[in-house]
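Below you'll find a set of structures to go through.
Heads up, the next two complexes both have chain A, just with different partners, chain B and then chain C.
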Partner chain A sequence: MSQTNAPEAIRTDGLTRYFGSEAVVKDLTLAVPRGSVFGLLGRNGSGKTTTIRLLLGLLAPTRGSAVVLGSPCTNLSPETRARIGYLAEGHPVFGWMRVAAFGRFQAGFYPTWNEDVFQGVLRFFQIDARRRGRDLSRGERAGLCLAATLAPDPELLVLDDPAIGLDPVARRGLLEALLYVTRREGRTVLFSSHVLADVERVADRVAVLDRGVLRACCTVDAFRERVRRVVLRFSGAPPTLPEIPGLLSRWITDGELRLTIANYDAAVQRILEGLPLERMTAEPLGLEEAFLDYVGDRGERTFFLQGRRAEA
Partner chain B sequence: MLELRIVTGSNVPLYQQIVDQVRWGVASGAHPVGTPLPSVRALAEQLVINPNTVARAYADLVREGVVETRAGKGCFVAEPRKVYADEERERRLDAALESFLSEALSLGYRGAAIRSAVEQRLARLESQGGTRKRERR
Partner chain C sequence: MRAIAWKELREHLRWALLGLLANGLGLLVGLWPGRVPWSYFRSESLLSERFLALTTSQFAVWGGILGFLLVLRDHSGDRWSFLLFRPIRPGTIFQGKVLAAAALYFPSTLVPLFLAAGWAATPGHLAAPFDWRMSLAGLADALTGFVFCLAAMLTGLRQARWYATRAIGLVVAVLCAALVQEVREFGEALAAILVSAALLYGAAWEAFLARAGAARRPLPLRFALVAVLFTGLAALAEPAIELLALLPAPKRQTYSIYALTPQGEVCVIRYDHADYPPKLISAESLEGRPLELGTDRLSFWEKIVRGIYLDFEPGTRWADRYRDADRFFTRVGKWSTLEDGFYRFGARTVELYDRKDKRLLAIAGPQGFALPEHEGPPFPGELLLSVPNGPSFLVFADAAYGIDEASRRLTPHRMREPLVNAVWEGNSQGEGLIAACSRRELFLLRRDGRVLLSSPLRFTAPDYDRVECSMLPTGDRFFVWYFPSSSTTAPVPGKSVRLQLQEVTAHGEVVRTYALPVKRPALVQEPLSPLAALAALTPPPLCLANAIGRGLPADHPLAACAPLSLVSAAVFAVLAFWVCRRFAFRPSMCRGWAGAVFALGPLGLLAMLAAHEWPARLPCFRCARRRVVSRDTCEHCGAGLAPVAPDGTEIFDVEHQGTK
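After this line comes the complex of A and B, so read on.
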């Protein structure tokens, strides 16, 4: 049923959710292409988990819609759900249940359950199948959840902050698992994360949420290329800056002015070249710095402080 | 076999790190003509990165003429050939010199010391058989 060949695994249109009078997800319109590894980025409280819960039909949207694997998110059939693997935030497991029993329990829901995959992931994380959920470490719980999520060979894998609380070895294992999933044609991964290094490694597309609003949705490379930092050097004190579209942050350090600018283009370049410059150089920006300047409030604070300092 | 390393969180994108390392390996003679590159899939798994990143790096290397693809067999270090017009080649050399010299000068080195460091490095590369072979076009 509803086996579609749509180029997107997920498409949302104006997806909005209020809690009381507060819009936690505002007018979200995005597409997750089939076969992509899609990273959902944003600070705490930016609406990542709510977005994921809306997509999976665990929450009803206040407005707007989303289509997941060809079905509306508000009406996902059990068959469609069986094609989606969902790893909930915080790696929840049943404390009283033994690992092996958890596997048998989960297997009952999925006609495509692959016991070899389940056992393989347990071995990778060195989890003894006789232990109970409550006795597992954070990393082992993550491993068990991952095993149960991967074993049905889902077409779409949705992971809510899977790296949280994991040590570097377990995190690497998680990334290997994500890449392993996408080896199969048409398998899609959507994951939220705070670990920019992981996103840089495995994601080919990112969406940046900021207080419920989508602020970027593009390839990882495009994000890095669109957020630019330039260093301006003046012979005297830096002049008052004109209005610069897309200005994210500025720093003044002895005669040098460092600007981070989103959507840097020829028009911005002309504005900067109109200043009494001694020298202008581009400074490459890592993904993490680009992200920090993009969603951090450091930009505004710096803006304020620098304004006062420039006057002094 | 090529030994590649990447670091995340760097100012240099991952695909560029791969391009730079392969290019240097070839230029230094560590990887002679005909050396096979790992498949996109294999390298992505080894480095634990998205295969598209490796594919982009390989595409850049092919465009620059550093490696070539052989149908059904993958990528190999290519016979050196001229990919840039003389003018463009000189411009690139000039840019490379500028960043090298600005670094060296800001470290406090001056003419003679820089010259002798460059000479020594070139001599070492030549003894490895790298530059001579690559210069033939």
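After this line comes the complex of A and C, so read on.
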């Protein structure tokens, strides 16, 4: 199926996109290995959807380049597009179209359309093929879109926030269907999401975008491993902290200082041990906590939180 | 493409059905016999004012609505991405949409139009002659509606930095509709439609590709977009420039004319033509003696003897366009009767219709009236004149015919020699005189055929091209004015031909002759308004077209602006070059745009600004000068991009480092 022997399904080099004078994606350089499930994380407006649209050739980059399945993203041929399955954000379907007609409509574009897969996913989500798009629930619409995305048997799946708006049951169903098909076939999946539990469950690697800038790109385990929370207990009031590389956040609670630090290593440990500590413990972090601390301190402070911190 | 076209067809089918119904209803109203409460005009044919007003407006509106529907329903980000990302080229999706637009638009307009044409062609529906070519005007309007559809698609698709320039496509469609209204032949209208449609199709395709993220679009499509933008801007700016430049009425004109007093005395009248009605300045005899003609603005016109102007050669019929009913027939006879009479130019017969039953009652030829099934031979030659507002009087080359529709009688009046031209001058009650001329003779007739004057033409072409026949109120003295050909045009250097006036008897014998110098309008030059300088902003090609095509005098601001417009075009070309350099365009592109702006003037610069997507310019981290963000290196110092500053929180594993 693969037409190139490149180890990456996607590779970007300095990919940049401006809207007016605002850089929405800034100098993005990353690679998505073949056969991996790659999670694209970031807060709202961090540039995830724009990155996906750039990769799929739906937006022209202002600068830089990207190669998707061996083709430059600015000139994806119909053959390359046929090898990519794209699930757009919001699960768009044509409201007037019946499910069966939707399948036929999509099948008309893909020579490799697998009707069994389409029907199988519809059965999994219990979607009646006679219903119209506008009558489907959000979960059913997501299922229909997933069916239409998987049925062409794509080599690369690009899913833009596939779980958006879904309840936990529908989300679980969507992920299971996704996992079943992708893991079995060894496909490459690039997906963006806000639901960290889902990412933790299915992704091999994650990339974190912060206001268009790539701040992290590694395996999920490495991300969890390298974002540490350290609880420092002092006998008196906590002293003024020296400059700590990779410090993401700090909280003071009951004489304790809780620090979240990226790239925690021996050098950082030595700095911390130099403080008049009573006790120092490290707390394990889940991906969600690690992510929240990672991107939160860069702008998560809402007016409300800032007010509370000022009071403290 | 087929799947996309099917999807669009299915998605908009109910709108098309609605359009079909609305168009059908509109055309029904347009063809409804007689007057409808909200329309002044009576409907008599497919070329009635009411019918054409409806076809023009409703097809344009429907085309525009359909165009917007076809693009705006898929407009939102996610649905747009979903529609666009499929294994076909984006252009194919656009073509599928246009194909669907055509498949939806044409049946919903042409079916009602053909049904209307069929209904009008069926005897007993309209009390007027029918010719299949009468449906060409409606057909042109239907085709123009599709131009509006493409313009609406362009407006909906275009991502313009200047929001207002999105609507330029609609301006081009309006311009196309205006041309379709104005041109003489259907072929010319078709050419205007095809050119407009081709440009708008190309421009909309370009806009679609730009919206679909295509970094490079084919050159012909970009050319089409620029052409649309320039045409639209010119259509908006040119009338505005003209209006502002000419608004202060820079000239006053004083005319001197020869006239006849009721006593037969020749006099010279000077009047100011700047206002309406004209204001009398002086009236005096040829010897210079002042005459009392009254001082108020209108009375002196009432006190001089008015004549009938007659050209030696017949002019073009004023209403001879493909969308004028007068191309096919002209109304004859009294309007107050229960019957409608029409002279059909194609058949050269008079047809009489029952106004109530819409039936053809009789057909008249030179041998008189006959029932429709016993139609006789047609009138010989072309109709020179049909005298309105009274009993029919038709003048042909060989004979004139008085027609009494009520008694179905036809009275021929044979001419001594073939007539060349004939003119009627009269009032709304049908009272007046007919002037007619052959190659050698001039006639003055009443509408009953009685010849009042028959006089040889004593001055003819090429030096003279028109006469004016005057009859004094007593009815026994006639004057014939011979106007030199040059009297209506610029004087020929070294040649002076005089205006000739002859008093003649009813049989053409000369009583008295005057040879008078030609009077020309005396121009009172007023200083040009400063706003006239705006004319220099007119694009050079339009300046040239104004100066040559419209025959404007050299001192007219729009003609005088030609050299200035070249200067302004050069200035704007330099400006365009500078802007292109500033945004680091390729040298060949800078030169190309500068050349285009020199040819098109300031509007070309506006078109350039509107057509491009201009990248942001931000300060370079090394030289601090503004550089475009779309280049890898600074165009000033060659520095790369400022690297994103690490803050120590970056987490990249070995695999990612390998990609750097």
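The working rule: the second predicted complex is superposed on the first by the 291 of 312 C-alpha atoms of A that agree within 3 Å, B and C clash if a C-alpha of one lies under 4 Å from a C-alpha of the other, contacts with A are read in each partner's own complex, and residues count from 1 in each chain.
By definition in this document, a contact is a pair of C-beta atoms (placed from the backbone, for glycine too) under 8 Å apart; a residue touches a chain by one contact, two chains touch by 3 or more.
For clarity, every value in this text was computed on a predicted model and none was experimentally measured.
Visitor: Who contacts more of chain A, chain B or chain C?
Guide: C
Visitor: Using the superposition on chain A described above, determine whether A:R34 touches chain B (first), chain C (second), both, or neither.
Guide: A:R34 sits against neither chain B nor chain C.
Visitor: Return first, second, both or neither, reflecting whether A:G57 touches chain B, chain C, both chains, or no partner chain.
Guide: second
Visitor: Give one of first, second, both or neither to describe whether A:R224 is in contact with chain B, with chain C, with both, or with none.
Guide: first
Visitor: A:A197 contacts which: chain B (first), chain C (second), both, neither?
Guide: The answer is first: A:A197 touches chain B but not chain C.
Visitor: Identify the partner contact of A:R172: answer first if only chain B is touched, second if only chain C is, both if each is, neither if none is.
Guide: Only chain B is touched by A:R172; chain C is not.
Visitor: Touching A:K48, do we find chain B (first), chain C (second), both, or neither?
Guide: In the superposition, A:K48 contacts neither chain B nor chain C.
Visitor: With the two complexes superposed on chain A, say which partner A:E288 touches: chain B (first), chain C (second), both, or neither.
Guide: A:E288: touches chain B, not chain C.
Visitor: Which residues of chain B touch chain A in their complex?
Guide: Going through chain B, the ones touching chain A are 8-15, 41, 44-45, 48-53, 56.
Visitor: For a test of understanding, state which residues of chain A touch chain B in their complex under the given definition.
Guide: Counting only chain A, the residues touching chain B are 37, 172, 175-176, 179, 182-183, 196-197, 200-204, 221, 224, 283-288.
Visitor: Which chain C residues qualify as touching chain A in the complex?
Guide: Listed in rising order, the residues are 2-3, 6-7, 10-11, 77-79, 81-82, 84-89, 212-216, 615-618, 629-632, 641, 643-644, 648-653, 655-656, 658-660.
Visitor: If we count contacts the way the header does, which residues on chain A are in touch with chain C in the complex?
Guide: 8, 11, 14, 16, 18, 20-21, 23, 26-27, 29-31, 33, 49, 53, 56-63, 74-75, 78-79, 81-82, 84, 86, 88-90, 92, 94, 96-97, 105, 108-110, 160, 205, 208, 213, 215-219, 222-223, 226-227, 245-248, 262-263, 294
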